[in-house]
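Everything below concerns the one structure shown next.
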Amino acid sequence: MNNIDLIIDKLLKFRDERDWKQFHNSKDLALAINIEAGELLELFLWKESENFDKEKLNEELADILAYCLLLAEKNKIDIFKILEDKIEKNALKYPVSKSKGTSKKYDEL
Amino acid sequence: MNNIDLIIDKLLKFRDERDWKQFHNSKDLALAINIEAGELLELFLWKESENFDKEKLNEELADILAYCLLLAEKNKIDIFKILEDKIEKNALKYPVSKSKGTSKKYDEL
Amino acid sequence: MNNIDLIIDKLLKFRDERDWKQFHNSKDLALAINIEAGELLELFLWKESENFDKEKLNEELADILAYCLLLAEKNKIDIFKILEDKIEKNALKYPVSKSKGTSKKYDEL
Amino acid sequence: MNNIDLIIDKLLKFRDERDWKQFHNSKDLALAINIEAGELLELFLWKESENFDKEKLNEELADILAYCLLLAEKNKIDIFKILEDKIEKNALKYPVSKSKGTSKKYDEL
């Protein structure tokens, strides 16, 4: 069992001990990801890019990841596979020759 | 090397081939996570909880995870450690005896 | 009839001509606000603070405001009243003597 | 002076008494809108569509609107004009004949 599967097991155990599976539909898990992403963003509000609370970064990032893993688990998604697929897809959308050194979106390249 | 480290290596290689490290400060990575989270949310808009485009879910979830991994890497964060820590912390915030079967927030328990 | 009420009337007419009232529950309107807020945020990604597409700013801001007005209308909320109330409440949370010149949150003052 | 201009005046007075103009660049105002939108979304998490805290809805909606008005003011945007323009533009994107009774996005119609 790899590390991610171990974490997913702990998250499911945590959820099931509290009988929370009933709340964890895919739509609300997507809401939860957005809410936690907003809390992450708050660490940077009115601040320079690297001037933030490192301890809180750990916590907010963990919250986002936890809900991502729960949403993946609910939909039987292999996160390694989707990440590999996305990197391949983005390599086509952003060829090195066109996208090197520019932050433009693919539809503006 | 575990699977997550392999993916992070691929993400860094993708970034560095395009000379994008210059754009990837922590604040903008937090923005990117929020933007992708918004795109994930859009899959569920005006819809029932499990009635959404599964193919797009894979893509949006991969985007969020990719930026989470890049933000973690930039800040030398071990995602397994922060996830373990967060589960422990939440176990204190949400004791089974109080939180079982209710979706209330810890400050309302 | 003031300007805001005129706009709300146009938004409702637009909605009702398309028979979209059935989709506009409060939760999905909150999702829509978040999705549009994410699109607004995208205008600033990897960019300096004032270096963005002004034309798109108009559009994304209009989208957010439109859904805010629809959510207010659905819940019989007077936006002028809630804005007045919030300014008063924030004046107590952020007294001038403590908050002048600092971007700290009220719970850190 | 219309009601919106009166509210904007109060928001600017509140900001200037606290010397906060220095923090209110367009990018951070966009972050603030997203953060408040996330707090709005939290009212609906794990809940049925109309089962939420009405008092908190007033507050979160006021926060979003306040930052929208500040972002508009900073960029000399007339919110009535952009709302009118957007309704016209959406009428072309979503013709009644195609969009009636369906929640599909314009690119799926």
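In order of appearance the chains are A, B, C and D, and numbering begins at 1 in each one.
The working rule: a contact is a pair of C-beta atoms (placed from the backbone, for glycine too) under 8 Å apart; a residue touches a chain by one contact, two chains touch by 3 or more.
Everything numeric in this text was worked out from a predicted model, so none of it was measured.
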item	value
Common touching chains of chain C and chain B	A, D
Which of A-C and A-D has more C-beta pairs touching across its chains	A-D
Matching chain pair for B-C (criterion: over half of the contact pairs shared, by residue number), options A-B, A-D or B-D	A-D
Distance between chain centroids, defined by C-alpha means - chain C, chain D (Å)	2
Chain A-chain D separation of Cα centroids, rounded to whole Å	25
Multi-partner residues of chain A (each touching 2 or more other chains)	23, 28, 31, 34, 37-38, 41, 44-47, 103
Chain B residues touching chain C - in the complex, by the definition given at the top	23, 28, 31-32, 34-35, 37-39, 41-42, 44-46
Chain A-facing residues of chain C, complex	31, 34, 45-47, 103
Chain B residues touching chain A - in the complex, by the definition given at the top	2-4, 7, 10-11, 14, 17-20, 22-23, 25-28, 30-31, 33-34, 37-38, 40-41, 43-44, 47-50, 52, 54, 57-59, 61-66, 68, 71-72, 75, 77, 79-80, 82-87, 89-91, 94, 96, 99-101, 103
